Amino acid sequence: MHAVVKKKREPGAEITTVNPPKIKRDEVLVKVKAASICGTDVHVWDWNEWAQSRITKIPLILGHEVAGVVVEAGSDVTTLQEEDMVSAETHIVDGTCYQCRTDRMHVCQHVQILGVDRDGVFAEYVALPERNAWKNDPHLDPAIASIQEPLGNAVQCVLPKDHIEDVAGKNVAVLGCGPIGLMAVLVLKTLGAAKIFATGGGRNRIRMELGRKLGADMVLNAREDDVVETVMDATGGNGVDVALEMSGAPSAVEQAFQLVTPGGRVCLFGLFEQPVKLDLNDAIVFKAATVYGISGRRMFQTWYQVKGLVSRSDFRKKIASIITHRMPIRDIAEAMETIHSKQAAKVVLEPRWE
Amino acid sequence: MHAVVKKKREPGAEITTVNPPKIKRDEVLVKVKAASICGTDVHVWDWNEWAQSRITKIPLILGHEVAGVVVEAGSDVTTLQEEDMVSAETHIVDGTCYQCRTDRMHVCQHVQILGVDRDGVFAEYVALPERNAWKNDPHLDPAIASIQEPLGNAVQCVLPKDHIEDVAGKNVAVLGCGPIGLMAVLVLKTLGAAKIFATGGGRNRIRMELGRKLGADMVLNAREDDVVETVMDATGGNGVDVALEMSGAPSAVEQAFQLVTPGGRVCLFGLFEQPVKLDLNDAIVFKAATVYGISGRRMFQTWYQVKGLVSRSDFRKKIASIITHRMPIRDIAEAMETIHSKQAAKVVLEPRWE
Amino acid sequence: MHAVVKKKREPGAEITTVNPPKIKRDEVLVKVKAASICGTDVHVWDWNEWAQSRITKIPLILGHEVAGVVVEAGSDVTTLQEEDMVSAETHIVDGTCYQCRTDRMHVCQHVQILGVDRDGVFAEYVALPERNAWKNDPHLDPAIASIQEPLGNAVQCVLPKDHIEDVAGKNVAVLGCGPIGLMAVLVLKTLGAAKIFATGGGRNRIRMELGRKLGADMVLNAREDDVVETVMDATGGNGVDVALEMSGAPSAVEQAFQLVTPGGRVCLFGLFEQPVKLDLNDAIVFKAATVYGISGRRMFQTWYQVKGLVSRSDFRKKIASIITHRMPIRDIAEAMETIHSKQAAKVVLEPRWE
Amino acid sequence: MHAVVKKKREPGAEITTVNPPKIKRDEVLVKVKAASICGTDVHVWDWNEWAQSRITKIPLILGHEVAGVVVEAGSDVTTLQEEDMVSAETHIVDGTCYQCRTDRMHVCQHVQILGVDRDGVFAEYVALPERNAWKNDPHLDPAIASIQEPLGNAVQCVLPKDHIEDVAGKNVAVLGCGPIGLMAVLVLKTLGAAKIFATGGGRNRIRMELGRKLGADMVLNAREDDVVETVMDATGGNGVDVALEMSGAPSAVEQAFQLVTPGGRVCLFGLFEQPVKLDLNDAIVFKAATVYGISGRRMFQTWYQVKGLVSRSDFRKKIASIITHRMPIRDIAEAMETIHSKQAAKVVLEPRWE
């Protein structure tokens, strides 16, 4: 089959032909109908510092966001059959560690991630454990089915636990307008947030504009605007109830803690290139702030929430607008370039190889 | 001043002239701009069994839902001044009992309710403790400002605690389409619920129709439709994640527990004329259901949530549609009649006395 | 192997010889070292109404509380090996339904219970799915290892969710002094409850006495004492923060709701012979009470909590005192008789068959 | 009256005579029976950097932990009368800001702290708002009544919210064995924690020894022991479920995040002299850790919990052991010296002025 394979520990990857995966008894074989590009894929493609230290398996088929159709089911599989349309939960977990046995599979002690620790989805076929193959409504657009995975991250940022301070009627800041930041804006709007403040670097005007369309009351330029003063003014000096850090910029972390109202919460989703210096006294202790680290998405509470949101036609229409490009997977190098050039929000790859 | 006063322990009330209230040091005097009729007011007007056993203060000015303008502030008042537009939190609490000191003022051990335990708001002026006068945006329509109180009940049904199972992406049933049931439908839709099922008695077609417009995916006739089977079918046999009992009908309680998915939650808001027989084993124990009794609204977390929702123009437009009648308060008898005749959802009274 | 088998749909069971179970790839074979008798086993033995309607598999090996040693592991088993000492989580779940995928396996839609839906543990050997075999410290007394299962029920009553109103420094009532009620008293004391009030029927003096020894500040006779007045007096009129219904008596449910402070919580664990009539207005709605149905125990958060408690020597010593009888399993009929005669708290069976 | 007054912006304070405070209508005058020394008092006495930047009111009566008897009640006071024994909640709040109206008075936007922002309790008399005077059992030892305030901090660290991951049966690390760290160890043990790991600097052997006596399974020397490796070994590699940072040492923060199990929680109570550099990716994001800033204690949920714990005689006996010194207040300089010399845990001052 065709696949996008990184063969050497260097930037880029090549489209080549490999053997299709063989499934185990508890796995399904999925024919890819759509795959989407995540920031992580860009890092792996670019072979940045993080990727160099993180990736050990070479050659590696890239990609983890996917939707496809089951074409074969292992003998132990009970909940899926051929023709089922599935998306992938990309964390392959052991199911038996302390975390897995206490409703925290998303931070399994032996997690493997598709396209990072094992072969991914930028291929004609991918093998998925039954547990990781999420069954979709057969009529769902495969592109949207694929981006349910990052949408799950956005939902996890907004609702990281079953029992959590709600965002309904609350003021919220979203620091960072990458695809998942944009999804968070939409999720917040859909979940009844009052005022939504988004910030972006300003260079990607498409994303800034999408932020407004998806529900942000203000989209601020993190480089030029006085974010803290503006938000404080707009909230009568109270600040926001919830601040979501979605950028990985140290300045955004600082803003998050300055913006959040005493007793409020901050979610950290962005990844940082360096350790970050924090005035813990003012940022967290005196403020009695609660901070949630966000990694993956709950398996499978978040997936059910995503399914519920996507079942609403008003939501489907809006989430689709985040997909700015649908390209044949043979043009993946061009897709990466489009992302680098700040001209895209979410890019979906279609299985056209030739 | 003019006021609607129940002078005798019998049905009805009369419009008469009384002395305007004198405020205490910690109170404000509010000139009424709009008042709205709650089911409780109808019971007191009708002088039903509940009212006969509950009401001890006669003569009594009726009514508790209100919005108005501060015309005088007591000497200890620090947060309000003349011209402020306020609504009333209708539970007057002691502030010092176990409940008040542990964030449960809405179930204060010595609560007094406006228009039930002390003079209410169907008058030209009303005295409110500073704590109970909720300051509004000065541009908010007084009619909407007034119905923030029952809207708070609806929000409390959906989110009875700070840390609660969220409704985002979940399936929910609202059993009963009275004004607060309708508000609950709207709140659920605004908070990202997936499928919303509402039921009504069927005689008030205006309410059934409003249920659909406000966001219910299905509005079932509780008398004619097989509610449980229909909802089970529509949820793939899982049932709903949350069931809100808003009717006070024993059959609706039974349905709530049949509809709710194992491990789900049921909120009880409706009041019952009689004790209700429940198969506790199947309804609650084996199902590991969680049940929340709903009384009043949190002081003042719910008010802030309501304020946040009402600050959204899309929400304001929809909540306004629940107000089917705006009538001069001099026609209160006719207003009561309109409610009795099942031709209304929410009725707002305007301060036109002559 | 020897086993206690109910061969006919009638009271009692007989000790007989059957083929030892064959394990599946994902199961382990466990040689029983201790088994303990639960109220459910008594119902099945007695063949009461509930048992008659619930049990469909005959012949049936009885029993579900057990500890033993793994003597064989299926080919897919990864976390257990021969010689491991295990206890049984007695709910065999499908792992794939809505409940199982959302951290509520204990209310799995297709749950099977050992000794009820499939062959149980009153035998020389029992087959357990790997997931259900809970690995113990090898030095733990098998009798205590066995009663970790009902202890898990007690912990689940006290802490039914991860995020729950804590009992630390709170006043609590335990209505019913059966073995799990006694365990709840001990758990409450160990978790820092302030005043603990227990009630019992009075006929089983051993249990009443154990209630005091395990930490109850007062043990009231539910038949003779004015429970509500006594507890109200002892709590300055506030009532208890948490009331645990552990008896299945309608009068105890009523007491639970009368005793609980407004905004407090009630857990329902006892099973009722009939539907119960409740004044929902006063019991739940006006009181803004929260009610939790308790079924099984969380898989496996509760097991980890139990393990943590049992790792404390002070706790182990006390929990052991609830075991009033250790008898050879060949005397199971006598054991049942001892329980019927109200002379026992918890009875453990030892694998002496001849 | 006598009082310990800082008259100049320099180290130390002097015992002098000042006018007793006059109370407002909503205040009570309290005759001091015991006062205790907090780390904050030491900072103010020493006039360290923090104190220099924080304190604006000079002259200032020092101290905030206190118990005493009401000798006069303002005309608006309803819940207290002469002879009542009270302790002080030391955060004087406005009662009307966003935080105060949403159950977060402890982070009131206009909080004033006794002995920091207004005259404190190291005096013969102190004026307290009615709300801040916590009524005690009249038989409670005033020394213990006084240290309920820092005990409240310890409880707040363990249970920062009403709905929080419980510590029952969980493994916990307490990083720092100051008086509140020691109290946290005791609270954890009383609330059913499984294994408790405490760390201390090692120079104060009295505190290290107390850590063991109060319930820590291991007390590690933060300077000499490999804390992370030791705790990881003792928890089978899982780490602790909860880590409480009680020291203000950057190395302890780092340890807290290394020790905590994925998905676990970290509470930050210690104050830091400098901003702290954190690898947020590994510490919080990938670990999906939850972090709670701890400031003050909930008003008044935590006070009720403290009252409940102190009502247990076993707890009272142990908490008393943390009081290593009871000294006349005239010897306050010597008391400060004793604390500096690492020979004390908690020091209580008795009202002997001459």
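Per-chain residue numbering starts at 1, and chain names A, B, C and D are given in the order in which the chains are listed.
By our rule, a residue touches a chain if its C-beta (ideal position, glycine included) is under 8 Å from a C-beta of that chain, and two chains touch if they have at least 3 such contacts.
Model, not experiment: these values are computed from the prediction.
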| item | value |
| --- | --- |
| Rotation in the CA alignment of chain A with chain C, degrees, nearest 5 | 180 |
| B-D or C-D - the one linked by more C-beta pairs in contact | C-D |
| Whole-Å separation of chain centres (CA-atom averages), chain B against chain D | 42 |
| Chain C and chain D: spacing of chain centres that average the CA atoms, whole Å | 39 |
| Residues within chain A bordering two or more other chains | 98, 102, 162-163, 304 |
| Residue ranges of chain C touching chain B (in the complex, touch as defined) | 98-99, 102, 104, 106-107, 109, 160, 163, 238, 253, 261-263, 268-272, 275-281, 283-296 |
| Parts of chain C lying in touch with chain A, wherever the complex brings them together | 78-79, 96, 98, 101-103, 161-163, 299-301, 304 |
| Residue numbers on chain C that touch chain D, as the complex places them | 155, 158-159, 162-166, 168-171, 187, 190-195, 304-309, 311-312 |
